[in-house]
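Note that chain A is present in both complexes that follow, paired respectively with chain B and with chain C.
Take a look at the complex of A and B:
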């Protein structure tokens, strides 16, 4: 990481988009306050039939997949030694920091008796056979690791006389020297919990259509999380590039595109092969709700493969479209398997209430606001020259 | 004390009870051991227990217990004999000294009565008095006589010197069967004939032996009665309705009832409320501890018989067996919703508007972002395009 220079973007922090996002965050804060004052029933449509609602599915299951940029890039850069992608690492890491931290926040809103959450850390209450327990501990550990991995960005911003007075220089050197431990953990932990997010669904049994319910769920979730990680790195970089007129990294992405496409091909082969082997492929073509959802997912998964493997992958526009398709496919896969394809029976129906959705939207807006704040004030984006390439102000 | 001293005690009927020979009731050592082994055999215990009985009979002082039986059926004692943790012999050989109990004491007739009088005299103010059975009060209590004396007087006399008084069984606790209408003997519970005394009540017909043993062990350990409710029943055993901990309670809440013995619901183990179960108005711990130490579900309701409310005054032996209980928590509705009735919330217009708004924003921002790419017209893509 030392070979790359990172610089803050600079520019105004309070801009028009920032204020618009802030309004949504305030709306969400109001409903979060209501949730803690009057209980979950006041703002949410979750029920005994659907105990998992949008907060878990959108903010945690899909949100952490969006936060997998850091995981996917670390795997590529440090494990497979593709140093060329190094400039993409720190922005991806920052996305992961917020994706996961705000997923943790969403869980605390979603937990009915959140004040008991600390018991997770009490070894004598541990239930080592529980998948959810594994996810909880693993995500907590990963949030810590992400912040530690990101810590050098803060240290680089602190004035040097201040650093010397408090011995922060030594901490910086120490962090740099042992960063490989954090990087290793940062690859191991998401491997564990992203696959476990799939294992959680195994207990749904007959409630989940065989189109999704398979013993390969953990691997399918892991592959799709990795692919979404690359997708989100492409999307974020493209948007930042457009918004702040930074040098295009399209050439770098053209090579990354093949990795992402390869993962998607593997995902589809495994999924369709498993369905054929189990004899449930016919369910995809009966034309009902579940079958159609499955087909839409498949189209969304196939589209980025064709784009990313064709010559069009050099084009920023097509990269952007492919990344959007990829993320939509991964998100829909998660949304379907956690909510839309789940039939608890006994007459239960569920659609998130408006306050419930507004809380999720607010959490996402907060994530974007913090991302903007951090790339403007902290050395996150790569910079080769000394000049500021922020927006003229 | 004076009134007791003046009482006609037949202490002369036994010899010097303080000496070794006296303690053995005039027996030789060999005769005594043979006797103890015989007692063990009578109790259904192994012959080794005879030695322990002998040891216990001559051991240092344990808290003395005087057990008086009034209008009773010995069911409480029979129930107590079937306790296994601790066993009755552990209790009476190791923990207490059961100095008088008409069904269990080794002596008989004048000898037993004299020993009781001696023990009460020696331990005045220190012994525990246990009474089973209700006390007849009509005609001076002549309907229950022990040793030529109404039990009413014997109970009053013993209560004067008792450190603690326990009424075991429904009869002693609230009158039980003998007090049921028309109550020919004017039977009364122990606490009514001992005004001003605290009587710990262990109702039940018979009560679960562990409720009695636990109370006694609590008394011995802490020197005071356990927490009691308004009817002086130990709260640990009688603090909750049977209904609250009943294993068939989910059937009650869901509206699944047996309507007659042997019908489909009865065979499926449904709630017995509609065939007269008094669990909803009876306080006892039967569902949580069961009977006979043979595992879960071994209590009347567990084996398919409605509770008849034996522990509760005004319910057991008073209400007809088939009468509906007066539910003290809440009564079941007359109609229950179908299991597949629509539940949960569907799409609301506000939620649909939010989803549509987000989708529109994402598409619009995405299109704006696309416009300027690959050297196209300059644009300022909105950050909302990050369509998470």
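Take a look at the complex of A and C:
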């Protein structure tokens, strides 16, 4: 195989799905405006018992895990030197770019005193004991790294005479030469903040059920982030493949499936082993809210393992189902540990309001719109031309 | 059971490096909690005696006045008395201190668990090792190194609300109904205490000499937190934490029903005491050990869990969380080493790739 070539998909940008997504973005924009004019209570059901709602949990805690495709593939391709997966890198990276950038946007909506947000960067306000401080700095740095990693895709699109005039070709060569530094940072930073998203929960103490609250939270969060990264790469590639009739990568995914399944097995072993050792496993079977959530999670984690380790993994349909299951499992794990298994006591309850959810949905829709725009106009997807892959175009 | 787990944690600390490789069951905790924090040298705080509280809520009104907080009515109570009554149900973004009532069955007798009722005061307990300070990413929460009062700086605060999420007592509250909301919490009326230099210095004599008067005179005109200032029975008592602890132990040691002179306002102050019978106390001083210790003490007639005071371990969850962070990020050694390894591998693999590309290009 020669070097990977990428090409823009082309085609109309303003399509029917694009417009439908746009409607949801506009609805979200309306409620976001209301949030800034009248306060968070106007659109959200968050309370002082549940001060962390869907904006953080769905858009940031789960959203960034969906954005871990770039992280997971970079680890496999550049660190473990599995170059066969290279065609999957750029689309995964683009997913990461938007997953993380829009998580950043969601944070700005969620911050109660957003005009002070720059205090995070002021050394005299720094609080290195804070897990959230580490997550915030790490995510900000990673968003920058993601855009820099993606920058060559823009530069390849710029006409060469224009590039020469502004010295952009030199920038392109520079970025390509030192890309390994960005790649290393692009693996280190998510390792740090995805594990820290788990450490954040240690402060909850008795509020979080022992089924989730363990000192192994950072490792569990890191493994689940990687597994979800591979899941999202499989999901996204299958969808793009079906929607735009690009060549199938099913054979490549059959191998990736084993990696993902291995991570899930490790996750379950660690989780169940730890629960057994701490003597809290019995809580899973008492039939209450927390126990049942735990069992549903476990079933969702087990299902993709069986599919991905069986012969079915060669089938694109089963790959797709397994990926959906895996992402649902990882998402539910995060949703439970941040919200559903948290009991602040004193009669507090929480269910998101419609406007609150519509803001979250709008952010996701914006993510998909931008993704479509980028793969159509920029060289992101692997070229399907004969000279690059040896397949008929 | 707690002790044995802690001993285990300590033992496991040495094995951090091998923990990941060891069988899961062998390595139950990958790190040790941070060392517990100590009570500040001149820690001040409060003793709340639920059996002495008559539920008059003078402290709630005084707190609002002292801290400039508005009257609060939940929607379903807003019509009461033309909205003139403060009907706060719990502490909130507008209410820093509130009296709540425990009710059971016929509510026939005060401070009895079954068919009884009891009052409890809700506000910040000013933890020795506060979770809110540990989670705050911008140092907006601060603990005074001398008095131990936990204060909040709205100019630093970004409104992320992790202090609300992490507080074991659910104390800091964000003003969700304001476009520019703040975090609200009891700061032990530190703006009133600031008028008396005795509350911020370690050396009473030096402070008195500087002010050109005696320490006793300074005490007499000192201002104290509004809730303790107005409490008619001495149920809310202000003072030095160590003295409050001794006072609580003294009350616990007495026989229920025995007459006792309950100090009012400031412990060791010169207000007349309130004579009343000693209550039927639960044999536990809440706040002494909870969550690594706090600067507020509770004496109650009914079990504290019934009053919304959660059962907590005697270590702070902040020590667990920070123990983890300090293990993983000590001196940034692990992240830097990891980055070094990643750069090396990424570079080597990228170079191999280039060489392969060159080889392929050469024949053509």
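Assume the second predicted complex is superposed on the first by the 382 of 393 C-alpha atoms of A that agree within 3 Å, B and C clash if a C-alpha of one lies under 4 Å from a C-alpha of the other, contacts with A are read in each partner's own complex, and residues count from 1 in each chain.
Here is the rule we use: a contact is a pair of C-beta atoms (placed from the backbone, for glycine too) under 8 Å apart; a residue touches a chain by one contact, two chains touch by 3 or more.
Predicted model only: the values in this text are computed from it and were never measured.
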item: When chain B and chain C are modelled together on chain A, clash or fit; value: clash
item: Partner chain(s) touched by A:136 [first = chain B, second = chain C, both, neither]; value: second
item: Most chain A residues touched (candidates chain B, chain C); value: C
item: Which superposed partner A:160 touches (first chain B, second chain C, both, neither); value: neither
item: Touching partner for A:21 - first (chain B), second (chain C), both, neither; value: first
item: First (chain B), second (chain C), both or neither touched by A:47; value: both
item: Partner chain(s) touched by A:346 [first = chain B, second = chain C, both, neither]; value: both
item: Chain A positions touched by chain B in one structure and by chain C in the second; value: 47-49, 345-346, 348
item: Residues on chain C engaged by chain A in the complex (per definition of touch); value: 20, 23-25, 28-31, 90, 92-93, 131, 134-140, 154-162, 164-166, 168, 170, 172-183, 291, 308, 310-313, 317-318, 320-322, 324-326, 328-329, 335, 338-339, 342-343, 345-347, 349-350, 352-353, 357, 360
item: Chain B contact footprint on chain A (complex, rising order); value: 17, 20-21, 45, 47-50, 62-63, 66, 235-236, 238-239, 242-243, 315-317, 320-321, 324, 327, 345-354, 356-358, 361, 364, 367-368, 372
item: Residue ranges of chain B touching chain A (in the complex, touch as defined); value: 339-348, 350-351, 353-355, 358, 366, 369-370, 372-374, 376, 379-388
item: Chain C contact footprint on chain A (complex, rising order); value: 2-3, 36-42, 44, 46-49, 51-52, 78-79, 81, 83, 110-114, 116-117, 119-120, 122, 125-134, 136, 179-181, 183-185, 187-188, 191-192, 195, 199-200, 202-207, 215-216, 218-219, 269-270, 273-274, 276-278, 344-346, 348
